[in-house]
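Both of the next two complexes hold subunit A, though its partner changes from subunit B to subunit C.
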Partner chain A sequence: MMATRAARKAKKATRRPASHRTWALGYLAVATVIFVVYQYALPWEGLPLPIYDFLQLWLPPTSINEALVYVICALGLNVVVGYAGLLDLGYVAFWAIGGYCAGWFMSNFFEQWNFHGLSSVASTEPGLHINFWLVLVIGGAVCAFFGVVIGAPTLRLKSDYLALVTLGFGEIIPQIFFNGEDINGFNLSNGTKGITRLDPIPTGVKDLGPFDFGSKFVIFVLLAALMVFISLQLRRGRLGRAWLAIREDELAASMMGVPLMRTKLASYAVGAVAGGIGGVAFATHVDGVYAERFNFSISIFLLAMVVLGGMGNVWGVILGAFILSWINSTGLPALGDTFNTQFGTDIDFPSFTFLLFGLVLILMILFKREGLIPESRLRMVLHEGDADEEMKPAHEEEK
Partner chain B sequence: MALSSELVLDASNISVQFGGLLAVNDVSFNIPKKSVVSLIGPNGAGKTTFFNVLTGLYKPSEGKVMFGDREITDLPPHKIASIGLARTFQNIRLFGLMTAEENLLVAMHSHLKSGITSTILRTPRQRKEEKEALDSAREILDFVGIGKWASEYARNLSYGDQRRLEVARALALKPEILLLDEPTAGMNPQESSVFVDFVHRVRDARDVAILLIEHDMSVVMSVSERITVLDRGEKIAEGSPEEIRSNQRVIEAYLGKAASEGRGK
Partner chain C sequence: MTQAAVEKVAVRQYKGTPGQVRRRRIELTAGAVLGSLAMVWIVTNIINSPTQFAQVFILGFRNGLLYALIALGYTLVYGIIELINFAHGDLFMLGALFASYFITVWFGQEKSNLAGWLTFLAALIAAMAFCGGLNILIERFAYRRLRRAPKIAPLITAVGVSFILQFVGIKWNGSTPRNWPKVLPQSEFTIGGVHIAWNTVILLLVAVPLLLLLTWVVTKTRQGKAMRATAQDQDAARLMGIDVNRTISFTFAIGGALAGAAGLLYQQTTGTTNYNLGFQLGLIAFTSAVLGGIGNLNGAVLGAVLIGIIQGLNDGLPIALGQKWSQTVVFTILILIMVFKPAGLLGKSTTEKV
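What follows is the complex of A and B.
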């Protein structure tokens, strides 16, 4: 009995690093399948029409790419919320800033200036045209800057106040863009009209326009993979341990030499970078930036993804982001269409999105608080009662 | 053993006020290099509060704390910890969902150098640093006798092992002074007497001075080179164990306590 348990434990210990590898392979395998289906099977004449219709209704390429943008952002938020345990209710601000970086630096919007930075756009085009890959870096950097500016004064606060301040930040930034049509005569954001038509994404082989779903899918998959990689590397290093320690016991962490401010700020900045990158990606996905899209519900939406998937576990967060994004963009509308044509009703299913999310969150908190794919550490606490075998103090296992 | 006159810590005229309560009242206190000194006193005497001043958690309303020849009164806690003052907590405050060795690695945070980029890229230097830190953590865990639980979550350890882990974590800071707040609380007499040897072993092998808050008089008397007694925030006596044992004010402070609360220790 005892020996088997010890053996199981040993196995568990050695399996731990490999399991991330398994997940990573799984992620890439699923991505490859999706890519092949949408790049080759879907345009194929021989594909039976029902299958084609089914995929177009229930899993159109846009919904997958949109979900991936959410994945990128949710992974960033996970560093803040899941790793360091800080409640950030204004994450949409970073998404917006990233989006506007794409709008500003990849379009004709600033006609008064003419600057081309490694862009594939004809040099006669007015406006700022910077290579998409550089804009990703710029978007990330600008967001990191804002993350530090916002974080430095607020991260000193107790977590409840932090939530309030970030909430305010998430309201203010989109408002600035919303009303930024005329700031002392300067048009910052084109207000409600937004900025449309972004430069194509140069890849060296060909330029990707708004309808190159397949190639952009690959780019988004890789960006999300990069975020996963960064999260996992940071997590097992010096900084990741300090985040976890702060999440566990802030006071004890500071007594052990962990500088609270700097460490929290680092998590906030890393999260902000991901938000910026996600913002740039989203802008290229919808081929524009629209101020009204950046609202509070996105912050909550992202938070729900992190909670649903499993706070602190990147694979859970990916799953959570995919599920919720899909329900929002495709699942509910498609269900509504099917239902309404079937029964001749006229119910507005998408309007129930947030009711559904609220329900999902409540059910999660009640029955599966650690998320769909929990972080191993959290599973331990939250199911204390039902798994008391695992809970026995270690020394008792010797007996 | 004669105390060397060189001081590693010197706190002078410390007062701490909580609203109307003077929790620590004009207490001066020092720690000679590599000594083992104790702070005792009835419940609520202000011992933990005094600890919290030394470690930077509370700022005293009066007085200053010198660490060597550096003033640390106004330094933030993490700074004080990283320059060599490590503590354990009266109520165990481990990082429960981290393994024993991770607990120690957290305490090494300020001694490690790798930043965000080198961690993401896992540069050879970062890997070397991590490996050395891990080796050192395991060595300390072995030293306190819980090496076999290195990769066990802290919350799964037995109470006694958690106490040891607290000491190990503090040692991971490579401190010059180790502050132990009631480390034998909850131990049986036999465990306590083992602990006395342990304290000396730590002092000798790790080159630290040890300041102990302790209720168990047999531990205090056998381990301390000097004892300081606090009562209601004031220092009422200081001296060798023999002097303290026969000090009238100390006896009164404790008997008063014993009579009202039946505390016999």
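What follows is the complex of A and C.
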């Protein structure tokens, strides 16, 4: 019994995992198919109505784009949680900062100033108007700054303290925006009313407004691909190996000469940049920023996405983000509508998101800690010290 | 070098590496600056409106006691298994809901008369038992398996449990705040122009004995000794014949019971419940526990009372940021403590040395 189990384990270990190239090609293929279907096949008049309705109900273009924004942010959180093993519970702060960067620099909000930076908006419009692509950079940079500011003093502490400081940070930042209508007479964020009507995205060919789902889909897919590329490159490089070393054993890593503070701070900053980019993208997706949307549950949703997909594996995280974001934005409401009309009941399905996300977190951690698409190294680390392995001496495990 | 010179060098006290010395100096300066700013603020307000100051001070003190009951749950659990139990605040919320249903729906008490007070006492015991039992179940099914897992695993589970409890809260309470009749006397008395509600006194009469009882349990009883031993070293405690699992369950039960009591008291003094109550008050209570030094029981109470007073002053005084910045003030305190004095007021150093 023991022998066969060990043999099976060994066989499993020798099986080559699908390479990143396969996954990347798959990602691009799926993205292309979705783009072609929605851009060219969907408006087609000849399509039977039931199919059209079905797609509109179960897979509307907005939900796909929203899922992509979640993918961008989840990939950033994956660098912090999955690679470096630090728990960040205030990720929504970066999302909010990125969003408000878009709100400030791409709208008529600051009427008292007039500045145009490579923007396609008419120069008579008041307010700050900066090119979307530059705002992405600005949002990322501002978030990186805040990430370093908040990370530098706290990363020295135990990891669970970091979770709490980030949680506090994730509460303060949205509250500042929420109350920011009148800070000594200065309107920072327009309070609960939010900032609406953002500039279109200039692409050189045409300007993309809020309803150009197809073209924005391409932009979001490319941004997500950029994040995947950055994640994979970093993971392979010196920094990524240092992160993994810290995740697995901080003491051993520092003895091997890995500078703990700087390495952790780098992961935190990279995560923050992704959060900022995601925030800018989300602001253009919903054509505005609203303070009350940035609440604690977003941080937990993102964490659940990373945990479900597989901490440390970018492809798993993308899958997890897609599944959970779709369930949250479309799946549950659509299921509720169908179920309620079918059976004449009146069950509020969207209210089950809390239960669902809570269960995802608990069950995944208890029973499949490495996620749907596990990262091979993480599995070993995460199951180290499990109750059933505790009794066996370490060298027997190796055989 | 002469003998005397060597002795002189040896006698000079070691004050840590230059980095540590510099850090301590920064901490002291920051503490002094913040402290003096706070003093200026308080003194200005006392001169400006003394009765109002006393008023909000008492209100803040009352809230502080409430926070103390919750903060102890965090600090007990952290002390014994080094887990930040995110779900604890939501347990408090469920305690408040349970108490509301117990008094108003199941026993139909709405007036402050003898029957109402007796139901209040019964609800106190019932809510404590309910939350204690629930906390034992949570520990058994969500945390016990993960005791030897990497630290990030139980933390994530705790967040998940918190979400599930909030879901129960939404289903039980509804997604909007709900008002309840209070069975405690609503009248107030006046000392020197300061109004004090009777329910503040009752809260004091319930909370202080509970805190004393807890101190007695932890310091004087056999079970308390087992708790302290387990907190120090689980393996050694097991070798000494202590049932570690039972001790940890017992700790969760005590923490939960205090949260249940806090839930009842909160519901009876404010008269409202909401499903996200646990998240807000839980974070404030956690901040209190950290301010006092997490893992330290007296520290949790001290921190909670301080936070309650600071929050009360900020919310109620004319020269202050006001209620809408209340949470920002509390979390800024949290971040400042983490940055400058992570050990808290009464705790020991928490930076990992190994």
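In this section, the second predicted complex is superposed on the first by the 360 of 399 C-alpha atoms of A that agree within 3 Å, B and C clash if a C-alpha of one lies under 4 Å from a C-alpha of the other, contacts with A are read in each partner's own complex, and residues count from 1 in each chain.
In this section, a contact is a pair of C-beta atoms (placed from the backbone, for glycine too) under 8 Å apart; a residue touches a chain by one contact, two chains touch by 3 or more.
Just so it is clear, the structure is predicted and the values come from calculations on it, not from any experiment.
Engineer: So, does A:Ala93 touch the first partner subunit B, the second partner subunit C, both, or neither?
Structural biologist: After superposition on chain A, A:Ala93 lies in contact with neither partner.
Engineer: Applying the document's definition of touch, where does A:Met305 land relative to subunit B and subunit C: first, second, both, or neither?
Structural biologist: Neither subunit B nor subunit C is touched by A:Met305.
Engineer: Output check: A:Ala144 vs subunit B and subunit C. Expected answer is one of first, second, both, neither. What do you get?
Structural biologist: Neither partner.
Engineer: With both complexes superposed on chain A, which partner does A:Val81 reach: first (subunit B), second (subunit C), both or neither?
Structural biologist: A:Val81 sits against subunit C, while subunit B stays out of touch.
Engineer: Give one of first, second, both or neither to describe whether A:Met106 is in contact with subunit B, with subunit C, with both, or with none.
Structural biologist: Once the two structures are laid over each other on A, A:Met106 reaches no partner at all.
Engineer: A:Leu68 contacts which: subunit B (first), subunit C (second), both, neither?
Structural biologist: Neither partner.
Engineer: Give one of first, second, both or neither to describe whether A:Val289 is in contact with subunit B, with subunit C, with both, or with none.
Structural biologist: neither
Engineer: With both structures placed on chain A, which of the two partners, subunit B or subunit C, ends up touching more residues of subunit A?
Structural biologist: Answer, by number of touched residues of subunit A: C.
Engineer: Let me test your reading of the model: by the given contact rule, A:Asn179 touches which partner, first (subunit B), second (subunit C), both or neither?
Structural biologist: After superposition on chain A, A:Asn179 lies in contact with subunit C alone.
Engineer: A:Leu251 contacts which: subunit B (first), subunit C (second), both, neither?
Structural biologist: In the superposition, A:Leu251 touches subunit B and subunit C alike.
Engineer: On subunit A, what residues does subunit B touch that subunit C touches as well?
Structural biologist: Common to the two interfaces on subunit A: residues 251, 381.
Engineer: Under the stated contact criterion, what part of subunit A meets subunit C in this complex?
Structural biologist: That would be residues 81, 85, 87, 89, 150, 153-154, 156-161, 163-165, 167-169, 171-172, 175-176, 179, 250-251, 296, 300, 303-304, 307, 351-352, 354-355, 357-362, 365-366, 369, 381-382, 384-387, 390 of subunit A.
Engineer: Which subunit C residues qualify as touching subunit A in the complex?
Structural biologist: Touching subunit A: residues 82-84, 142, 145-146, 148-157, 159-164, 166-167, 170-171, 175, 279, 283, 286-287, 290, 324-325, 327-328, 331-332, 334-335, 338-339, 342, 350-352, 354 of subunit C.
Engineer: Where on subunit A is subunit B touching in the complex?
Structural biologist: Residues in contact with subunit B: 13, 229-230, 233-234, 237-242, 244-245, 248-249, 251-260, 266, 270, 377-378, 380-381, 391-396.
Engineer: Can you list the subunit B residues touching subunit A in their complex?
Structural biologist: Touch list, subunit B to subunit A: 55, 57, 76-79, 81-82, 86-87, 89, 93-98, 102, 105-107, 109-112, 114-116, 119-122, 126, 130, 149, 151-153, 155-159, 161, 169-170, 173.
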